[in-house]
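Labels A, B, C and D are assigned to the chains in the order they are written; within every chain, residues are numbered from 1.
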Amino acid sequence: MSAEHLPVLLVVVPLLAAPLIVLFRSGRAGWLLAVLASMVSLACAIGLFVQVRGGTVISYAIGNWAPPWGIEYRVDVLNAFVLILVSGVATIVSVYARTSVISEVPSDRHYLFYAMFLLCLSGLLGMTVTDDVFNIFVFLEISSLSGYVLIALGRERRALHAAFQYLILGTIGATFYIIGVGFLYLVTGTLNIVDMAGRIQAVADHRPVLAALAFMTVGLSLKAALFPLHAWLPSAYSTAPGAVAAFMAGTATKVSLYVFIRLLFGVFGARLVLQDLPLLEALSLLSIAAMLVASLVAVMEKDLKRLLAYSSVAQIGYITLGVSLANQDGLTAAVVHLFNHGIAKAALFMLVGGAALRLGGCRLEVLAGMGQRMPLSAFCIVIAGLSLIGVPGTAGFITKWHLVLAAAEAGQWLTIVAIGASSLLAAAYVWRFVEAAYFTAPRHHGVQEVSVGMLAPAVIMTVACVYFGLDTSFTLGAAREAAELLLGAVK
Amino acid sequence: MRDFFVLRVVAKMLIPFMLIFALYVQFHGDFGPGGGFQAGVIVAAAVIFYALIFGLPAARLLVPDALVESMMALGVLIYGGTGIAGMLLGGNFLDYFVLSANPVTGQHVGIFLVEAGVLVTVSGVMLKIFYVFAGRAKLPPG
Amino acid sequence: MVIMPLSDHYTYWITILLMVAGLYVVIARSNLIKKLVGLAIFQTSVYLLYIAPGKLIGGTAPIASAQFSVYSNPLPHVLILTAIVVGIATLALGLALVVRIKESFNSIEEDEVLVAVHGDAMSEDGDA
Amino acid sequence: MNTAVLMPLAVSIPVVGAAAVAMLHRAPDIRESVSFLSAAAVLACVTMLLPAVLDGGRPEWVFLELMPGLPLAFRLEPLGMLFALVASVLWPVSTLYSIGYMRGNNEPHQSRFFACFAMAIACTLGIAFSANLITLFLFYELLTLVTYPLVTHHRDEESRSAGRIYLGILMGTSLTLLLVAVVSTWFLTGTTEFTPGGVLQGEISNAAIGGLLALFVFGIGKAAVMPMHRWLPAAMVAPTPVSALLHAVAVVKAGVFSVVKVIVYIFGVERISGLSSVDWLPFITGFTIVAASVVALRSDNLKRRLAYSTISQLSYVVLAAALLTPLSVIGAALHILTHAVSKITLFFAAGAIYTAAHKTKVSELDGIGLRMPWTMAAFTIGALSLIGIPPAAGFFSKWFIMLGAAEGGRWVALGVLLTSTLLNAAYFLPIIYAAYFRREAEPAHDHGEAPAPMLGAMFASTLMVLRFATGIGLLLTLTRQLVPN
């Protein structure tokens, strides 16, 4: 099949591989299919990215019904970049999942795990690739529902409650989102993002548009775990199976943030977002609160997975802070941090998941002496942790550089202070792990490094954190182009 | 309820009609209200009705779990396969116009296949939900 | 969009009522099943939000026929059909989770479950 | 051959060496040979770069573009050359010393120690070679991270809290202040390249320049300008070779080197001389010099006394650069070198005393000069050098700094330097006096000299202190290039 079908193949391959796995009813076949399907998606995403670099936009009409009537898949550099993140993380995590699933999920449910994993993947990819606001909702729910199931597969009974909590909040978020979609449809009569952007200017001062903006902002913030709507995230990530935590931490919130950014700049546009409403000011305040408060909670946290989960909330604050600055460097920081934080968190959750399996938990006192027992894992956690801090030479630094630059451009010196404070807090919580792993005597004897199947993907991801901190031509190039695109849309 | 003779007889008489009605709804979906969703639920309802009257084990014998699970998967595959077929025939994904030489016939064929997929999946999912919930009750409490 | 007489706005009032009532139940009830009921009511209000404006007085189903010239907009109905399916799936999954929660925690009251969850977190050391 | 390639080579040799060292933990002798070999190779590389720089060449090596307009690149100029020389000459010497120390004290985890040691040298060379602020920042942070395992070598409660202070101050200052300083430089000027004459051209307000300078001076916590100095005495929990590395070769020198480099190549001596908004710097460094000397005077712990002495001496360098006269800048560059060789001698001696006699306090050193004549001779020469007695090395740099102060009419600075010289004498001379002329306390420890490798290292560094004058011509040729004539 020719390259023109890439946008849809990307979504359809994992979507159809999932029922195939159910038909095969075998964990091993399921794993192979999951890895294969993720790889195909990654290949499609890369293929798309190559095509859209330099400003080309690919439009694909599902069922050959021309947009705006039919559903349109539309790929530009921004979502191609997110697609690469999602499918890349999925590919690496799916390799890792084999060992993780064998140890954490009852064997009669292995094939269901992989089916759910692929459904979740195709949902996230669909959300990213589609240009239809209602279709986004459908894919959002596909990814969410499979996500709830994946979280509930966690070993401890706490996972059930975490999944339930996430289900309630996630559904409220998604429902808020379609309420917003409903209002927009009522006033514009279209669901296509591009079409809507053209029509919304004429009705921008209608109250339903404002209501839609409010509902969508709240709904997507819930899904993206934007402070203070992050309540579901720590318990969900800390109780889910290792592979699920790694996958979701790397992708799920990022895709919701992508949709948020897309709607903000691609639909609502300059007048509402930049001029009439104090939306960005509010977003900036919430982001700073997230960066500080969530980091502070992370510093206090005793369980490494929860610590990392709170760190996610803080790092999401970096992304939204970049959005709220709304200049070239700020948006670049936001988009590039989607990627940089995604890979760092995926690496960390993979490593911590492995450690939790070997040591029987991930409270910091359980991890004591991990530096001696599992030297490579512990070292990789430190490296990926450095990326969270934003040490130069890691991917996190690239984000921080642009954030500080953007804040300087906007003249927001207090924001710079907040960024600095947040980095310090990040250093503090990463160093809590360092001290636990290297300065305390091991509690367990005879504990060994995790198997290659789990370690190799995690190490690759960690190396990526360093690689994309040095060679930024891909990440930064894409992010800059995407930022130009977004700013061009609101000019 | 195995002992209620009347119920059993009525059930046996009703279930074939329910299934036929499901098929009617399914095929009429092309021209009027109806379609795979509704038909799938009716099919599932027929089986659930059977389970209510004759007991869950009997229903599970009639429509085994493995079949139900396969139905869930198969329906999605039929749906997706139709889409892929459109692509293979030179159209876009889910492009029905190319499924036949005559675009209108193509639309008919496409919708028919897709709705069939929906029927299979929806009835499978409905039954699965019913089986899972009903099966739980058999477990010892607590 | 169809411009409706003022008296027709009652659909919106019902929508808002359901929405707020559903959300209230989700937040205020600690019984997990009731939470799900609230969630379902909340979602139902959205179905109404979509469908009510799509109905045209005197309009008919959009099937081409010489007899009719006024059709209702079918798109909201299709959208909501999808939303209903999603809602059912969510509800089924939620209930399944409640069943599992009941089995492992022996309670479906959120406050009791939370106490147990907290206890688990504290006692993780012992398991390790 | 293109000489520029020697720079990445010199940086990568210790990295490869570190990897080899880490893998050879079962064969200590081979491991130590590897350390020596890489040290020799680095020294050779750096020496081969020297002629090119002396001829006015500026070898350049670009790795990659980190961000558009922000390459990771090396460019060697006289100051960096000087610093690279310091590091590459002292590395083999301190390696020799470390072998004696680590084996003499049966320290654990020697492979990790030597591997991190080599990595620290690699980062130091990276700092010395960096062509722009972003490269400097990268290696600066890496240096903090690779020296952290060295500082906390013992992995006990004491080193854990010392490590917190070490990392907290160094990373805290760099991630907040230095990063902002670098970003602001980029934001104000559109470049972070080290350019002769500075990059702050055009309309930049005096207040902004003053603020930027403050961000740099306090952001470079490694320079230990008060109040950012606390990490240095805290890091004294480390084994003595680490202290030698921290205080003589790598970390603190990287700090003052960065400050001098920023003042010379980012601000530009002429651009900011006479600006009222940068006038505060001589005062704060002057205060650091005097205050740290006073603290040193009151410390009984020998290593702590040396640490505060280091803080004071580092501010000599910053002060000299802040005087903004050509002679003082030359003095600053020279002082990086002279303090390095003198202080490393002193730390070598302190470590030798600890290894042979297990003594750490100044008050315990009575009569030790008779038991350890070689060690105390080295200590005496190092101390005299820091006080500034010719022909020891310290005299030359102090001379240029004072000349610079006089040239600029900075009489306060001159007064500070003189006071400090007296204070230096006050905290070093009693040690020497006690070592040679006091009677050993009873019961006497029966101990002899330190192990031979340590004595050898001390001999080498003492020789450098004493024979400094032979190299002064070369060094002046090098440092004169720093200032426009």
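Keep this in mind: a residue touches a chain if its C-beta (ideal position, glycine included) is under 8 Å from a C-beta of that chain, and two chains touch if they have at least 3 such contacts.
Given the structure is predicted, the values throughout are model-derived calculations rather than measurements.
Chemist: Hey, which chain is the most central one here, using CA centres?
Modeler: A
Chemist: Distance from the CA centroid of chain B to that of chain C, rounded to the nearest Å?
Modeler: Each chain's C-alpha centroid was found; their separation is 24 Å.
Chemist: If you average the CA atoms of chain A and of chain B, how far apart do the two points sit, in angstrom?
Modeler: Inter-chain centre distance comes to 36 Å.
Chemist: Counting in whole Å, what is the centre-to-centre distance of chain A and chain D, each centre being its mean C-alpha position?
Modeler: For chain A versus chain D, the centre distance works out to 44 Å.
Chemist: So which stretches of chain C touch two or more other chains?
Modeler: Counting only residues that touch two or more other chains, chain C contributes 89.
Chemist: So which chains actually touch one another? I want all the pairs, not just one.
Modeler: Taking the chains two at a time, the touching pairs are A-B, A-C, A-D, B-C.
Chemist: Name, in rising order, each residue of chain A that touches chain C in their complex.
Modeler: 134, 137-138, 141, 145, 148-149, 152, 156-158, 160-161, 163-164, 167-168, 171-172, 175, 178-179, 182, 185-187, 189, 235, 303, 359-361, 363, 365-366
Chemist: Which residues of chain A touch chain D in their complex?
Modeler: Touch list, chain A to chain D: 386, 389-393, 398, 400-401, 404-405, 408-409, 416-417, 420-421, 423-424, 427, 431, 435, 438-439, 470-473, 476, 480.
Chemist: Which residues, counting only chain B, touch chain A once they are in their complex?
Modeler: Touch residues, chain B against chain A: 66, 69-70, 72-77, 80-81, 83-84, 86-88, 91-97.
Chemist: Which residues of chain A touch chain B in the complex?
Modeler: 1, 5, 8, 12, 15-16, 18-23, 25, 60-64
Chemist: What part of chain C is in contact with chain B in the complex they form?
Modeler: Within the complex, chain C contacts chain B at residues 61, 63, 81, 85, 89, 92, 95-96, 99, 103, 106.
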